[in-house]
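In what follows, a structure is listed as structure tokens, so that the remarks can point back to it.
Naming follows writing order (A, B, C, D and E), and every chain is counted from residue 1.
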Amino acid sequence: MTLHKAAEQRDIIDSPEETAHLARTWYSPRGFPGWFTQVNQRMIGKRFIITAFIFFLLAGILGLLMRLQLAAPEQQLLGPELYNQFFTMHGTVMMFFFAIPVMEGVAIYIVPLMVGTRDMAFPRLNAFGYYVYLIGGIVLFGSLLLGMAPNAGWFNYVPLAGKLYSPGYGVDVWTTMITFIEVSALTAAVELIVTILRMRAPGMSLNRMPLFVWAALVMSFMIVFAMPAVIVSSTLLILDRLVDTQFFIVESGGEPLLWQHLFWYFGHPEVYIILVPALGMISTIIITFTGRPIFGYTALVLSVVAIGFVSFGLWVHHMFTTGLPQLGMSFFTAASAMIAIPSGVQIFCWIASLWGAKIRFHTPMLWVLGFFAIFVIGGLTGVMVASIPFDTQVHDTFFVVAHFHYVLIGGAVFPLIGAVYYWWPKIIGRMMNETAGKWSFWLAFIGFNITFFPMHQLGLEGMPRRIYTYADEMGWGDLNMLATIGALVLAVGFGITLVNAIWSVSRGRPAGTNPWNAPTLEWATESPPASYNFRHIPVVESRWPLWDWQRQDERRVVTGLRNDRREVVLTSVLDASPVGVQVLPGPSIWPFASAVAASTGFIGIIFHPIFFVIGFFLVFFSLVAWFWPRRPWRND
Amino acid sequence: MNDRVPKRLVARARHRLVVRLTIIGVAVAIAMVAGAATFVFWGAYNVSALQQHTEPVYTLLNTALNRSIRQRAEDIEVPPLDDPAMAEQGLRYYREKCVQCHGAPGISRDDVGKGMTPVPSNLAHTARSRSPAEIFWTIKHGIKMTGMPSWQFIFTDAEIWEIVAFLMQMPRLSPADYQAWVAEVKKASTSATPPVSTPDPERGRLAMYGYACIACHRIPGLVGPQVDVGPPLEGIGERRYIAGVLTNNFDNMVHWLQHPTEVDPLTAMPDLGVTEQDAMNIAAYLSLLD
Amino acid sequence: MRVLEAVDVSGMSRFNPDRRAPLWWGILGLITIESAVVLTFCVSYLYLAAYAETWPPTGKVPPILWPSINLGLLLLSSFTMYLAGQGINRGDKRVLAIGVTTSVLLATVVLVLRSLELMAYEFSWKDHAYGSIVWAISVFHYVHVTSIVVGSAVVAILAWRGYFTRERQIGVVVDTNYWYFVCIAWIPFYLLLYWVPRLYVG
Amino acid sequence: MTTKPAFSVLLMPLFFAVGCNESEVMSLPGDPAKGKMAIAAYGCGSCHAIPGILGANGRTGPPLERIAERTYLAGVLPNTPEQMMRWIRIPEAIDPLTAMPNMDVSVNDARDITAYLYTLK
Amino acid sequence: MIPGTRSRAIVILGAGIATLLSGCSGSQSALNPAGSAADLIARLWWPTLVVASLVTMLVLALLLVAIFRAHKKGAALPLSARQSRNLVIACGIILPLAATIPFALSSFSIGREIDAPLPDGALTVEVVGKLWWWEVHYLDETGGRIATTANEIHIPVNEPVRFLLKSDNVIHSFWVPNLQGKTDMMPGRTNVTSVTANQPGIYRGQCAEYCGTQHALMAFLLVAEEPEAFEAWLEGQRQPAMEPATAQEMLGREVFLNEDCADCHAIRGTSAEGQDGPDLTHIASRRTLAAATTPNRIGHLGGWITDPQHIKPGNQMPSTELSPANLQALLSYLGSLE
């Protein structure tokens, strides 16, 4: 493929006036009104990340309070009501309001930069997704303050979550907020898919795409196929609760197990939705800090895709104790064990890449190395619980609590924090403190293991999950005390990163364009990037464009995009040859208005079904206003 | 240049003066606090009822007392007091509760009233020197550290006014008049109990000071000697039994407060003559303790 | 570092080069998501049916005439929508306007018929799981038909005002695609709601 | 509870100073540690809040905090170790009206329980 | 009280590798099996633990080698592409297969062994999950209920016992870690599990599926005893309640029948036939109260009757206002129901 369409290559010299004009075109409105009209992808991504970390902090505090309650037998700190609300909120917030949004947020921020474009395909939809997410999160935490938080667990099993056994608004809040997060996640997923497929820099064919972009693509597809199941199941539940349908009422022919199937059909891929982007982050960090191409690019891509596919065939292993036929369940044992292969391939591709390399042990790399130790343990216990007989002993015990915290914190949060340290200079323009970063890592690593390793043993000693207290005779006190101490250490570890981040915003060392000498496109623009991301859309000729440019001391770019409106290059799906130019919309209040309209409907139906109709028409009118073409209709 | 130096010197001198004065002030303050503490902890002041306060202390306290009563009685509205029936009712109460310490025309005070410091006033004289509002306030609230109790949980406001009405008559009564009036009153029957109004927890809380509940129990919300003669009443509202012998509900609590020995003859809790209204108020307060 | 020009896009179309504009992909994403929702509804229906002793609980199969007519009308409206799309491809604004309007009218007829049909259901969603799932699927699809009717009505208004041209037709493309989806989604629902009980009971 | 004797020794001068007769408590032969276990076993905590006993936060009877300082037991008995033992063993014989059931507490257990309760000051 | 001593296993945390050592004994522990199924599972667990530890150590060892290779020599010493490929194939594909295939196969065979059908004449116990306690019925060959109790299940040792698990409210899970893995109690279905105790003893079981407010305090005791003792116990449970022997107990029965107790509780042989709470016909024979929340001593019973909401907040038993005399009588009566 030739990209050299211009008759002869000429040097490009930018006039400051043109650059200023371009900056004005892509300018995000500031100030209070600007908050509600910004659509630039980096603004939205940053908001997603910050909001998600605030929820992480709050849910983490809930987790700490639960650990304090369990630190010793028969404690009186939290009663059963409060404890049940806390663990429900902790799970729900961590899974729905932290893990997915933060991964999406990082993808929304980084992916357009990585693929070398100026914004995402649907900037306003992006903003809409964020507002929906924000409103959902605020309402959910509001319900906790009002004492009507959901308390039927993040998995919300019926009939416990039904109207008969969970009266009040708690579960209604849960189902409604899940709908919010579904909408938000799905818009972001579609957004990412289209951006990745159609807006890559010319020359960035699929086999040159950075691994994190691959991971974001797989994550988005998984969201598209997994979320609908929970949309339907939460709809059925809310109908049962609000208008007396009988989907889960046994006496009327309903089936509680239907909920479990639908929920876990979503719920299991959900775990991998969180894990997959983290795998992409790890690859990215390893490439940068080993300073050489990664081994097994194709194998890594294929194994991420394979993980995505296989994850849809595992959901029944959450249901091994429900009395389903043994033979049918055995298939899921096999499938669950088989996920070890793509995971193994990933891990050993990374080890092969690290082997003998001159590794720079900066903070992001430490968090990735921490990932290895933790994730391997979590993965192995995952294989263990895939065994039906063994699972009948540890299912719903602290063994499982330990297992999935090893997978989720080790597999997702550690790489995520590594990624925060890694991309922070790009986002903020300043470096975080290395010493504090290392302290943070070691405290979190040690604290994490002290917290969650003993839980394996607690589970085997018969301590079930979701209990607010236990008797002294059970003998679980010592290990629980140990775990609580670990949790405090872990909290201090994360706390240092928080302080480090806040400190660095004003005091950090200026980062420069490419502080880590990384090879991907996001490092080709200044830190933080200008409103238009790239002065010129780059042209890519390998997987490691920045290293190429360094070697050749020259680079090629696209010209011909207008400065007076938001134009981006469209490229073909497979080999990314330029096929056209898309004009993107600018700031608008309508995404916010639509989000408020949708929220009115969703929140209203908790109180009366008529709000469904009201919400429907409110959303309709705000969408018409959103899309209505502005006169004069442009003729170009 | 010339006047800069003196200025600086003046500033320095002033500064030094301020520092010294501060040091002296702090030292004096510390010395005073230490002295006061020593005085108190050494037990230097004699609290014996046999010895009157020293003259300066007496004057100080007396002035404080007068000023305090006048200040607080200022806003009290005085109802008409000239109804003889009122004074007559007041006499009955006076004979029940007041004469023991204060005496009456021609009637000596009891032993308690004789041995007190400060000595209980002669009320025939008081009625001359104080306004009805001041007398009312004094009866209602009592006076700290004099032995004069607060009567507001024994008498309603109306009843206290009846006493005031009587006291206003007293300077005019000769011992013989007094005796005659007493004889007359003795013939008539005692008044009926006042109607009971809805229980008020806040009044109940104050009533427990009035009945000296804090002399035996620790009660959340009340300041007292914190002794454990009886059980602490923390959480009494959630307690299943009263005194281990009566299921804990409102009616039972009212009954118990009024007549503990009737419920359990063995109990150490005395009958305090709690009125029904006060018992209800107290029970209302106790039911809030959880 | 030298910055060289490699690609000049100034001459490229600012309109959708191959009809596969980002918005086309976006609507494809929406259709994919909604198809998964449709599929999940179907699975739920079959799951409930599989564990039921009798299906429907009353043993009475729902009447099939009007739903079949609705199916025909929906497919017909898809065809008129298709003609409308073809029209604007040729640049014929009039065909577009007439086609979209016809489709909207046809779908409105479907809505009226469906309303009558729903009102005639002999059972409520409160009666049993069968009633719940039938009502849920019916209302789900009803709402979708309503949304394409109101959405396409807006497109029709713009069409009559001559907004769409051969180049500026992404709005029509998106609308027709979603229209096809809603009409086609009725096919599995139709089979489930009206044929499965017949085959199951019979 | 091993700290208790040392603590008492420290407080000795104070007892002399206030003229309190500590001898009967000190001479009590029961074992507070055993008493603690006995209290848990007999279920005293289901009705009484007892400091130092896990899960003993009952609200049926009065709280036993500072029970050693209490003047009367159950409002009817002067509080001495002998009386407390008697009350624990046969409450209904002392006050027929009481809601406290006879729990068949053995003499030794009653002694240990009393010893523990007397540590609550 | 629950017998059995515990020895705390030693937890070693080191270099990210940690190993569970030694067995623990406890009355509610999967590591201290006393039943056939739990024994099989424990036998699957220990080798699995060993292999998993080895794999963890291997991966981390390779990681350390990978990291420190270059540092020793001071220059980059990467693997060749071929070496890398072999490493990935050997450790990333063959190793997981080699580890998981035997594991999955032994898991299947153990699963089948545990699920093997029981002989027809096996003792059948029906357990119904309640909010938040366990109703227990002993069934005869035809499925008729011959005895009803709650929160304490007796079984003969060394005999397979069939458990029919039901729920009429939310989902619970029946779990006695020392004897058998858990099986959920699904409303509208009857799940079946079997338990064979190999040693006499008292084992604690606990609800393992979150079931609402008092999920934490929903436990039971499973008493495995010699067949003779079991037969005697079952015979005792089949009998109606004992008649009161003293005036005090007689009064207690009156209190039971006249206060609200009989609305929810049944005592066979009296007019008390309430079905909402546990059957109290032989309550004095049970070791615990309130679903193994407290021991069954008269002190606990008194506190439980007067103030159940404080001992187990949110449970379905309301507190009853009983005069001291009635309470005393009720306690003596219930205490007599051996």
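Basically, a residue touches a chain if its C-beta (ideal position, glycine included) is under 8 Å from a C-beta of that chain, and two chains touch if they have at least 3 such contacts.
None of the values given here were measured: they were computed from a predicted structure.
*Asks:* What is the shortest path, in steps, from chain B to chain D when you may only step between chains that touch?
*Replies:* The fewest touching-chain steps linking chain B to chain D number 1.
*Asks:* Taking contact as defined at the start, I'd like the list of chains shared as neighbours by chain A and chain C.
*Replies:* Neighbours common to chain A and chain C are absent.
*Asks:* Select, from all pairs of chains, the pair with the highest number of C-beta pairs in contact.
*Replies:* Result: the chain pair A-E has the most contacts.
*Asks:* Pick the chain whose C-alpha centre of mass, unweighted, sits closest to the average of all protein C-alpha coordinates shown.
*Replies:* Ranked by how close its C-alpha centre lies to the overall one, first comes A.
*Asks:* For chain C and chain E, what's the span in angstrom between their mean Cα positions?
*Replies:* From the centre of chain C to the centre of chain E is 52 Å.
*Asks:* Between chain A and chain B, what is the gap in Å from one C-alpha centre to the other?
*Replies:* Chain centroid spacing, chain A to chain B, equals 68 Å.
*Asks:* Report the inter-centroid distance (CA atoms only) between chain C and chain D in whole Å.
*Replies:* Centre separation, chain C to chain D: 79 Å.
*Asks:* How many angstrom between the C-alpha centroids of chain E and chain D?
*Replies:* 37
*Asks:* For chain C, write out the residues touching at least two other chains, lowest number first.
*Replies:* Nothing qualifies.
*Asks:* Could you tell me which residues belong to chain D and also touch two or more other chains?
*Replies:* In chain D, 47, 57, 59-60, 97-100 touch at least two other chains.
*Asks:* Where in chain E do residues touch two or more of the other chains?
*Replies:* 1, 306-307, 310, 322-324
*Asks:* Show me, using the given definition of touch, all chain pairs that touch one another.
*Replies:* Chain pairs that touch: A-C, A-D, A-E, B-D, B-E, D-E.
*Asks:* Can you list the residues on chain D that touch chain A in the complex?
*Replies:* 54-55, 57
*Asks:* Within their complex, state which residues of chain A touch chain C.
*Replies:* 3-6, 9-12, 121-122, 125, 186, 189-191, 193-195, 197-199, 202, 224-225, 227-229, 231-233, 235-236, 239-240, 243-247, 249, 252-255, 258, 261-262, 536, 539, 549, 553-562, 567, 569-570, 578-583, 616, 620, 624, 627, 629, 633, 636
*Asks:* Per the contact definition, I'd like the list of chain B residues that touch chain D in the complex.
*Replies:* Those in contact with chain D are residues 216, 227-232, 234-235, 238-241, 243-245, 263-264, 266-269.
*Asks:* Can you name the residues of chain B that touch chain E in the complex?
*Replies:* The contact residues of chain B facing chain E are 238, 240-241, 244-247, 249.
*Asks:* Where on chain D is chain B touching in the complex?
*Replies:* 47, 49, 59-63, 65-67, 69-72, 74-76, 94-95, 97-100
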